[in-house]
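Sharing a structure below in structure tokens format, with a few things to ask.
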Amino acid sequence: MREAINEALHIAFNSDENIFMIGEDIATYGGQLRCSYGLVERFGPERVRDTPISEMAIVGAGVGAAIAGKRPIVELSYIDFLGSCFDQVLNQAAKIRYMYGGYVNVPLVIRTQCGAGLGNAAQHSQSLEAILAHIPGIRVVIPSNAYDAKGLLLHAIRDNNPVVFIEHKALYKKKCHVPEDPYEIDYTSDIKRKGDDVTIITYSAMVDRSLQAAEQLNSEFGIDAEVIDVRVLEPLDLQPLIGSAQKTGRVVIVHEACKKGGFGGELAAQIQEHVFDRLKGPILRVAAPDVPVPFADNLERQYVPDISKIIEAVTEVMNFHRSEV
Amino acid sequence: MEKQTLIEMFRIMVRIREFESEAIELAKRNETRAAVHTYIGQEAIAAGVCAHMSNQDLITSTHRGHGHCIAKGADLERMFGELLGRDGGYCKGKGGSMHIADLSTGNLGANGIVGGGIPLAVGAALSLKISKSKNYVVSFFGDGATNQGSFHESLNLASIWALPVIFICENNEYAISTNVSKSINIENISERATAYGILGKSVDGNNVVSVYDDMQMAVEHVQSGKGPVLLEMKTYRIKGHYFGDNQNYRTREEVDLWKQKDPINTCETKLQNDYGLSSEIISKIKKEETKKVLDASTRAKLMSEPEIDDLTEDLYDLSFHNIKWISLQK
Amino acid sequence: MREAINEALHIAFNSDENIFMIGEDIATYGGQLRCSYGLVERFGPERVRDTPISEMAIVGAGVGAAIAGKRPIVELSYIDFLGSCFDQVLNQAAKIRYMYGGYVNVPLVIRTQCGAGLGNAAQHSQSLEAILAHIPGIRVVIPSNAYDAKGLLLHAIRDNNPVVFIEHKALYKKKCHVPEDPYEIDYTSDIKRKGDDVTIITYSAMVDRSLQAAEQLNSEFGIDAEVIDVRVLEPLDLQPLIGSAQKTGRVVIVHEACKKGGFGGELAAQIQEHVFDRLKGPILRVAAPDVPVPFADNLERQYVPDISKIIEAVTEVMNFHRSEV
Amino acid sequence: MEKQTLIEMFRIMVRIREFESEAIELAKRNETRAAVHTYIGQEAIAAGVCAHMSNQDLITSTHRGHGHCIAKGADLERMFGELLGRDGGYCKGKGGSMHIADLSTGNLGANGIVGGGIPLAVGAALSLKISKSKNYVVSFFGDGATNQGSFHESLNLASIWALPVIFICENNEYAISTNVSKSINIENISERATAYGILGKSVDGNNVVSVYDDMQMAVEHVQSGKGPVLLEMKTYRIKGHYFGDNQNYRTREEVDLWKQKDPINTCETKLQNDYGLSSEIISKIKKEETKKVLDASTRAKLMSEPEIDDLTEDLYDLSFHNIKWISLQK
């Protein structure tokens, strides 16, 4: 996925002079995320700027430049550092357009990295997308593979609204075919696997695990799961989710963020609002437990939802039988 | 100082004072629900600073932002409309007193978050620098805001990139109830410039001529690429923090002492003594401005409330910017 | 409610010397929230400290003092200013105990003010409890009246974990009988009105509105609603909610925060997980629309959920009939 | 400088160096998954600062925290245990390299958030002040951290309350790949003290004697109630930001130049030349420390992994503090 993001950035810089990027160690070093290599060499230090460790000013400068007519890209090296710039996201970027009556746009993209699995411990491993999705005014894009990442990032850069683009650290090394030419992907949910028995709704690094679980469910239990990658939490493309839930009557939601207050709750609530009638069992959620991300290898492996937990939830909902009331 | 310039600044100061007085009236009569943070006593600063600025020069403002807005040339009727929450207000009634922006005059917006606008100014200045523009940005904020992390990060960032931004700290002695001496352990806030290797200077903020002159120096400084400037404007918040403040934290004597340094009176005296402006002309200006303000207020009251359906409008721009993606040549 | 909170603070200061308080304008001025009057006069400026406008340092100082053995109370004048101190909440207060293996406690109370309705506009009117409830390690307490506020605050002050105590600005002037003597209220949900037909789950300022709606539902439609005040989002006392949902089979959740990603989603998800079988219709949510809080009076009135919207949702779920699948 | 004090500091420096070298070995052999940010080259600072401190004097530390931890007297085995993610580690394996705390030695904890520990130090100092204790707090952080808002807010707060806290900025020239000259526009970071009206001083951080002496001055300053001190320790990060860093942002020559100022060698020379310490004793100390470190590492490897069920433990303390509420007398 890293190369796909890098390609998108190169295309963007090459296509519009108003696009520039700021962030910590993004120039010569190529970024802590290693996604911005080659940019400073090609487009120069005016448009690719290393910053001090000043997240509030960095994100704020992005917002300010966006208001003033540029199309900045800000790299926030870990989503955990939202803590250090939250005012600029919550009270500035998200609210400016509405608060000023629709007269001021904020075409800003904040690229950042989420997720556990690499031993980075509690302060460098979080999945905070639910917090962002609760803030009206922020687009939240969270791709699950290289192909989607490139198309969604180019789309996000053309968006006239602030976008937080969340890259899962475990996906950077994952590859798939990515066309060299520019292309865009709309803010849509994507059915990654068709199936009739149960709907698995997921995003980010959990898409792969869900697909693997689906294969295993099929081969071992004969259960045919549909896997939908939400891809974008705001705006949420609900129709494919509802359509699928209507068809299967059984829904499992999978995300890596801890369960309580996670985006899975929102998805579950919306789906049962829409298709209550068709549900054959409760909507189940597979998510991390409600604790910070632990460091130790075995604890962290237990922390991140794995295939077996997905399979367990699917079989549970498949085996659910309405008791007579 | 050209006479005409001083008269023009005087006029702006009077306009601000009149606007704020009317805003207080509106608050008294419960016609605006907004907490009104008035600029009374600080008018020389906005007037003297903005006298240098064109509509292409940008500002960021604060919760105490009416003065900046007016000095940048805002339409008074639309301002009152916003205070009253009307659809013809600057934000269609969505923002209120603390959230007026006006891109047409280069006002990037007031801000309810103390220190919240300072990083925005840095970003705007960065955008000007990348565009190789000669324009510059002014960020207004209070003494209290200089204790925010955003102040520190912003001044540092502006310094290392040598951005064309002038930081105007209006030290009006108070942050709500807290005297600046209780929150800052140095004599002059302008000394904070030292921490960033930028130019800092303290100015008598109640004297519009000093403000104007030091701002001129600052403009030349940033325009010559020497990086940002921090100007501390020493002034005083004559009224309470907002209309309704009981002010149990200061004495009437203290306030009265400062009233003697009223920036409008000071300017008026100067215009009469040094420039021979007649008291007739002065009272004519005052009357004109009072009328302008009251007319605007009256007209604003005739504006309608926003449509209820407008509640969910204006959050997102649903259009996408038109960029033709160009393939990379290998 | 203001007097009740003030009383609790006086009792706390009077009972334990390790308790002290810092915040903006809390001493002579009595606080922007007007809850701390009399404290500095009685307990002195060493324990009641005005601070500069430095939310990160204020909350951080609270965390540091708590680690070092004190029991600080921090006043954050508006919950919206979470933006300015979020790292200390998200990455420090919440994670310290877990991250350090359980060896370090953070007995800190952050009192803050939430809510719309008084014309304070987008940056001073938010309801952000869902964000806090998604962060493992933070207690979230959100009372709906003076009596509960006093008892819950004293309980929170004895908690050895960080607590965010959220006071709705519209409740400060509301009065009810509050005993003068100290008392505590556990972290429990509270059934504020018994009823058999439908369960309304709510908290904070929406409790009163829900109770009013319940009366009206009873008198006008003969619908007997049970109203449960959650009071504490973490730890969540789920049993009364489930018990009631089991009994009525119909659930409406009401909160003032905007709907998407709000805590209502979590409540809905949990309840349907537990009592799917007993539900006679979808769980509905009444919440603010997904926009920032507008300034204009009429818009803000439309924004905050009112009695009519609660009644509408209740009647909708009462009229729901399962269609044959 | 007493000979014994210097020898003891030398020993601590060697211990830190050996610990870090072994940590790199563990990383090389993939035995720890933690990003190892080594303290190599900066040992004189932790050693010289902590030589003054008792277990009741407190520190806050950083992502590059092993040195502080050791200088405060931590148990090496439990440290290695933590790096390896074992149940006998300082955090039972939950924290890893960046998150070691040890209240028994006054270490309030390392921190993965740059600048995150500085406000905690201020709070701890406030708590000492309220308790009328003579103890004080040291907050360690890097050059990069001084560009964080938390640095600014914390120094200001400590200043106005005259808190007993010593801010130790370890200016090792880099924040990851970014040279300090690209992120800060002044010669000496200690000049930032000016902004808060507190004492600031720059010190040769590679010379443990200077560190020790200036720390002594700072301790006397804070203990006499004169408020906080900012000490900038000039040093250099000899290794990459973390083990694995390609270091494409600096030259080998630059690194070699600094290697000549190695704090351990410098101290060793001083011990030999000025204090007549024999090379036998020196190599004995080195051998002892190497052994201590390697033994600790070996023993740590024998610790077990945490129990899986421990995953959800330790988040909350389920007990409530015992306070008897007293009714108010009217």
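Every chain is named by a letter (A, B, C and D) in the order it is written, and numbering of its residues begins at 1.
One rule holds in what follows: a contact is a pair of C-beta atoms (placed from the backbone, for glycine too) under 8 Å apart; a residue touches a chain by one contact, two chains touch by 3 or more.
The structure presented is a predicted model; accordingly, all values stated were derived computationally and were not measured.
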Averaging each chain's C-alpha atoms to get its centre, pick out the one most distant from chain C. D
Comparing the two chain pairs, does A-B have more C-beta contacts than B-C, or is it the other way round? A-B
On a C-alpha centroid basis, what's the spacing between chain A and chain D, in Å? 36
Between chain B and chain A, distance of the C-alpha-averaged centres to the nearest whole Å: 39
Euclidean distance of C-alpha centroids - chain A vs chain C, Å: 29
Mind pulling the chain B residues that touch 2 or more other chains? 91, 93-95, 99, 111-113, 116, 147-150, 153, 156, 160, 182-184, 315
Among the residues of chain A, which are close enough to touch at least two other chains? 51-52, 54-56, 80-81, 83-84, 87-88, 91, 98-99, 121-123, 136-137, 290-292, 294
Can you list the residues on chain A that touch chain B in the complex? 7, 10-12, 14-16, 20, 22, 46-47, 49, 51-52, 54-72, 87-88, 91-92, 96-105, 107, 136-137, 154-155, 157-161, 180-182, 184
Please name which positions on chain B make contact with chain C in the complex. 33-35, 82, 85-86, 91, 93-96, 98-99, 111-116, 144-145, 147-150, 175-178, 182-184, 248-249, 305-306, 308, 310-312, 315
Per the contact definition, I'd like the list of chain B residues that touch chain D in the complex. 147-153, 156, 159-160, 182-186, 191-192, 194-198, 227
In the complex, chain B touches chain A at residues 58, 60, 89-95, 99-101, 103, 108-109, 111-113, 116, 118-128, 130-131, 149-150, 153-154, 156-157, 160-161, 313-317, 319-328
Per the contact definition, I'd like the list of chain A residues that touch chain C in the complex. 80-84, 86-91, 94-95, 98-99, 121-123, 130-131, 133-134, 136-137, 234, 236, 257-258, 260-270, 272-274, 276-279, 281-285, 290-292, 294, 320, 322-323, 325
